[in-house]
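Please go over the structures that come below.
Both complexes shown next keep chain A, but they swap its partner, so chain B is in the first and chain C is in the second.
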Partner chain A sequence: MNEPKGFKSWIFTTDHKKIGVMYLVTAMIFFVVGLLLATVMRIENMDMSRQVIIGPQLYNVAFTIHGAAMVLFWMIPILLGFFANYLVPLMIGAHDVAFPRLNALSYWLYVGSGLIAVLALVMPGRLDTGWWAYPPYSIKTTANIAFYVFAVHLLGASSIAGAVNFITTIVTLRAPGMTWGRLNLTVWGIFGAFIIQLVGVPVLAAGVTLLLFDKYLGTSFYDAFKGGSPILYEHLFWFYAHPAVYVVALPVFGIVSDIISTFSQKKVYGYTSMAAAIMVITVLGFETWVHHLYVASTENWSRVLFMWATILIGVPTGIKTFNWLATLHKGSIDLKTPMLHALGFISLFTIGGVTGIANGSVGFDIHVHDTHWVVAHFHYVLAISMSMLCIGGIYYWFPKVTGKMYNESLGKFAFWLTLIGAMIAFLPQFHLGIEGIPRRYWKVPIRYAGEMRIAAIFSFIAILGFLLTIFNILKSAISGPKAPANPWNSKSLEWQIPSPPPFYNFEEIPVITEGPYEYGKPEGDVKKGH
Partner chain B sequence: MNRVIMLIAAQLALFVLPAAAMAKERIPDPAKGWDAHFILLMVISVFVYLVVTIPLLYFVIKYRRRKGNEVGAYIEGNVGLEVTWTVIPLILIALIGVHSWALFNDYRTVPKDCFEAKVIAQQFSYEMISPEGIRTVNELRVPVGPVKLNLTSKDVIHSFAVPQFRVREDMVPGRETYLWFNAKDPGTYEVFCSQYCGTGHSQMLAKVTVLKKEDYDAWVKQNTSEAAASLPPEEQGKKLFESLGCIGCHSVTGDKSIGPTVKGLFGNKTALTDGTEVVVDEAFIKEKVKNPKEKVAKDYQLMMQPNNVMDTDLNAIVAYVKTLK
Partner chain C sequence: MENVAHGGMHVSGGIHHEVELSAWPFVTAVGSFLLPISFMLAFSWGMSHLGLLVAGIALVVVLVGLFGWLNQVHAKKGETSISKIAIIIFICSEVALFGGLFAGYLYTLLPAGVWPPANTPAGVPPIGLAVVMTVFLLTSSATIHNAESQLEKGSAGGTSAWLMLTSVLGLAFVLCMAYEWHHLISDGFTVSTNSYGMFFFLITGLHGSHVIVGLIMQLFVLLMVKQGKMSKNRHVFATVTGLYWHFVDVVWLLVVSLIYVIPYVKLGQ
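Presenting the complex of A and B:
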């Protein structure tokens, strides 16, 4: 069969690789939107004594769309759209996903949802509810909450379709010999993430639908003065929105293992516990949402119960981190750009991890809930670190997708800008948080003006790093030098075929005899351990 | 051997349950407990961070790819090691959890004989009601000692945060929530709204004033005497302007806020969003209080909610606004 070409071949494609690339491009556009909004907020943070460029109302719109664009239209789509689409069939040895047309539908629903989000930013009635849109505020505000609800609905439909598709693909389309124990850990992470999507998204969709009814149909699910409860919404929202961070984290964990293993030319340490930790987090991730309601009139015993579940997640996460370290031990470490991003990820993620355990402690949280501490924490643990890792992943598979090589020195330079910028940019906010200063404040008390200015300046450096990276990717995609088929000498299946892969991936479905990480395996019998 | 275990157990108990032990003797201070907990968390955090980053840097340097080291060693894993880094984090987490739990119990167990006041939030101000029934806006006055606050909201979800007492709790419409703190020293303490509640969220500030017992009593006496009831209308208007929450959005000093300032407003023309102008007179003010949806001032967003105010009170408010030249 011949590969179709031209513009139409993209619009109507059902090829997982093309869909993946379209996800990549779209998600990067939203990443830039999110970064520009962050720049706007940070410019406003430069001076606490006066309005710099926007007033409080637009500041609120800015963090609403910044949060939504970054989490819903960049992080989740880059991982479950681009990486999942492009890599899963190649990694499990399949021609395509189980339902290729459903796959295309997922993409277009995502685009539709994204367009609505852009409308919510530029149309009158700009969304100022925060990306969480708590009632009664979201019902009382003059902002156009319908944008929010429909964006969530379309994106939810997209996610559920994606989940059904990929879970089926991973379970049924693995090549002969591709046992669960030989799966690339990236696939394990994507598998866990889609299970969370399948279970969580319908709950969120129901929650925002009731919001729509309350606003436009006069129901009172969330109206406390007519027998409803606004706290109900918080539960429905966070039942999905907390596990959503694991939707991002699990594929990221997989990719980190993959990159570290390849660039150390060494087997992933403790493969079984790595895969098991992913599945434990998938399940445990659903038991923690009430930590978002630690000060929201929740029952005292329930706050304590959810504290235990929350901080317990530290255990499987710790196992993963130490296994990454053990993978580096006695490896052959090559600090190419993707590897730098993976190591940078670990160093930022660990700051976010330890401060996350602190947050999870219910006694500690009473003082820092909804303060800048939380903003700092999640930018370290998720926002910056995992965006950085996604960039690392894009660099890593760049030769695979394009058949070309990116610019190594620009890649490294941009990496250091982002790492140093981000490392310092959010430190002052830990301090503001310990002082109890709430987040989502257009202006904080003037005595913190100096610290906020430092935060702003280093944010600009980090943002510049990200933008340079995007420039590097675009430029190399157009005019990069030709890359060899397997420049990293990886053992994983997707690198054993030409780059870019042929239309149908594999001439013949391969038979798998080994896992993806068998670097330097000695001949004959091997004993476990040292 | 037994003695050693006993000693360790005693140490642990002292470390983990200081707050609980204190509770038996005197009123605990969760703010102090928080500070101790914070130190514990920071020690563990720094320890964990170093345990991760030092080996990371060391391995990256030591095992850099060079001639003769093109491929890593073949190691599958080691059950003993993996159990180690499962169990040690578990122990640390158990320690944090138990310590936190004890602190949390202090936070949520209100001591007997607390001073008890009520706070009602609305966009974007707080109304405080003292146990004697005195209403204040954006300033809570309490005597030295433990204070319990019963919190609720009139409109959207807000929050009452007093960082210096290390405490906060959301204020939910239709529900009563609570918090308590130990106000040991007289002084003024900042209050913030920490639940996003709209355009004025970052200006929703207030204060707690802790007074010596005798000062507090004097203040109560002053405000509950006959004198307060027979105030002149503009004074009554001032009180209403504050207690109804108008002041949360309209300054009386000429500063721009969420809404226009009322200083120098009366008798002058003001521009509206629909391009027309209107003279601010008695009728306009009264109409605006009751039905704010119409005639929104130029350059402002409609944020105001209709208020049900008695005519006598309306007259008092107008009298007060007239005085702000």
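Presenting the complex of A and C:
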């Protein structure tokens, strides 16, 4: 085995594992950036009567870059960059992805986009538009909207290249015997997510390009005075940005299933319904975006239609949640750190999911639209729950990626900090929302100051938990004890090879004889190389 | 370029794989990063000369990256079936791109009542030229199909003849478009005229840029055929180019219907 070494072997690599690790490191840097910005905002929330550290203008910049960093540069890249890269070839039994060079290009475009996002935070013309950059404000503000547009362009090109690459990989490079019914649910989730990227990203890219044209070329696509419409942007934006939630959610659903199955030593309950639910959400996810526009002079028929589609998403999502619980039932449960994160995810996600159903109904949404309720809702359903699960996934595959073990007690301690902090940090904001307090204001009325202070304090606890986790990961990657090939006794294919995997993954392409969750069978039945 | 030959190569289900180092993705990404930087230098930070310089450098870097990449890919055996699936998947993404813009156009058109808006100059859209352009493009779809059949028969001469005809038709299309744009702009119909003007130039421009990309791909195929690098059993890139070209043609039919015919029949008047 002639594995390249040194600096060049990273910069010029086309190996999916190395690219995966580079995604992991880069995404974690943006996660820290996002966490620090959250900290700054929460410090500002500690006292509603005076400026604590930043003024309103920088507060706008902080939540803009916080949102963009967390969604676009942490969650999507950690899932479709790190997990997809590292795991898909290992799980389907391939040497690499279909187009290794294109894979490297995807990574470097992501880095370029991230650099532009950093410029948008530190250069004059700091972005203060919110992560959605609605016109007319985004065109009229002195903030430099070009940062936003080009960051989306580079990231979009990266995502489309990734989508073409991974969909092709999953369709064509499955090992002999790796039927669609034997794929890990993680692979199913990644497959669905990339389909959304493929179809959604170009529409967002088109939408933001028109922002640039309006600002610099004298067009008026979004100018209502000249025959355009700012609402058009909202449609184009949310056509991608709502399904983007499922870009994050679908791989997360898959990873939860894998973790729960392993640590219950039990077959995933209702595998077919799990895979089907992922594909149903992939399709249905595109029929819900108008629920972001209930108050944007949307026709009633359209509101009702999209309300039903939105609430309908609760059905496949509910199926998944019940299946996870059914998988746990009578399993031989081992509460290792990854498993704790999976269970923590389910509890946070359920709160977010149930409030989402409420949010999807037109009448209620009109009341809480753009209030703190929404902030609370999506931090439960997406932001914290799914970040927590991403961390759980990193812990789960940490021995595979690094060949070392992380610190179990520090992992558990950090988990409880994050869970307790996250559970309480956003509860007061549901109340503020119902009271009608709009979000994104740097100060709320003084009578809610106490609630916001509680929210702030618990968010610090959650953030501390995340930072401890990152410390644990870094420290264990450098000096953790050596990990066995399969510390969790998993039946999934990636655990049947050494940790870390050899340069070429598989000495020979394996022949697959059964699915990844066949627990409770005699040892000899595990799939092997032929 | 350091190519790491690998001992562990295996063929599975007809799929060939090798891992290596490649500088070209990195080079291409650096160029792609410099392009927006050049734009911001010129438009946001008021350094238009530097911006122009960086834009030039960026373009050269991107082209060098892509050329080196294609060269490296071509040095290997490609798998037609995988590339064919990949280009079809990519075309789905392109469909979404055009679909989004067409939807935006209809979103603007439908509430307008009168289309095109009243201040559109007479003679817009130039439907006669559009008919000629349609004929060029549809014919070129047939000729590229013939080129592919010739390639499968193993006739290099036939392939390059049909391919050249395709490129000539494509080039004629682009020239017509350039003439049309020039003519319209000098008649005072621009992106700022009204909402029809902005969508007209946006969508025909986007489509035109796809035609140009298709032409560059054809040029590359032509070079490879001339150099004997493409044969009956090895023509991944030709297949990909063919599929892409057919897609560009189909989109044109939608462009004609929505951007030319609807305003020509003066909807709502």
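FYI, the second predicted complex is superposed on the first by the 519 of 530 C-alpha atoms of A that agree within 3 Å, B and C clash if a C-alpha of one lies under 4 Å from a C-alpha of the other, contacts with A are read in each partner's own complex, and residues count from 1 in each chain.
We adopt the following convention: a contact is a pair of C-beta atoms (placed from the backbone, for glycine too) under 8 Å apart; a residue touches a chain by one contact, two chains touch by 3 or more.
The shown structure was predicted, so the numbers you read here are calculated from the model rather than taken from an experiment.
With chain A as the common reference, chain B sits beside chain C without any clash. Once chain A of one complex is fitted onto chain A of the other, the partner contacts of A:Ser229 extend to both chain B and chain C. By the touch criterion stated above, A:Val304 is placed in contact with chain B alone, chain C being left untouched. By the touch criterion defined above, A:Leu343 lies against chain B but remains apart from chain C after alignment on the C-alpha atoms of chain A.
Once chain A of one complex is fitted onto chain A of the other, the partner contacts of A:His153 are limited to chain C, with no touch recorded for chain B. By the touch criterion defined above, A:Pro56 reaches chain B but does not reach chain C. Looking at the shared chain after the overlay, A:Gln265 reaches chain B, while chain C stays out of its contact range. In the superposition on chain A, contact is made by A:Ser361 with chain B only, not with chain C.
In the superposition on chain A, contact of A:Asn144 is made with chain C only, not with chain B.
Minimum Cα separation between chain B and chain C in the superposed model: 12 Å. Shared contact residues of chain A with chain B and chain C: 229. By the touch criterion given at the top, residues 30, 33-34, 37-38, 41, 44-45, 48-49, 52-53, 55-56, 59-60, 63-65, 69-79, 81-82, 85-86, 89-90, 93, 96-97, 99-104, 107-108, 155-157, 159, 161-164, 166-170, 172-175, 177, 190, 192-203, 258, 301-302 of chain B touch chain A in their complex. By the touch criterion given at the top, residues 56-57, 60, 128, 130, 134, 136-137, 140-142, 224-225, 229-231, 264-267, 269-273, 295-297, 300, 303-304, 307-308, 311-312, 314-315, 318-319, 321-323, 325-326, 328-335, 343, 346-347, 350-351, 353-355, 357-358, 361-364, 366-367, 369-371, 434-445, 519-522, 526, 528-530 of chain A touch chain B in their complex.
Within the complex formed with chain C, the chain A residues making contact are 1-4, 8-9, 11-15, 94-96, 98-105, 108-109, 111-112, 115-116, 125, 144, 146-147, 150, 153-154, 157, 160, 163-165, 167-168, 171-173, 175-176, 198-203, 205-207, 210, 213, 216-221, 226-229, 232, 235-236, 239, 503-504, 507-509. Taken in their complex, chain C has these residues touching chain A: 2, 4-8, 10, 12-13, 15, 17, 19-26, 28-30, 32-33, 36, 39-40, 43-44, 69, 72-73, 81-82, 85-86, 89-90, 92-94, 96-97, 99-101, 103-104, 107-108, 112, 117, 191-192, 194-195, 198-199, 202.
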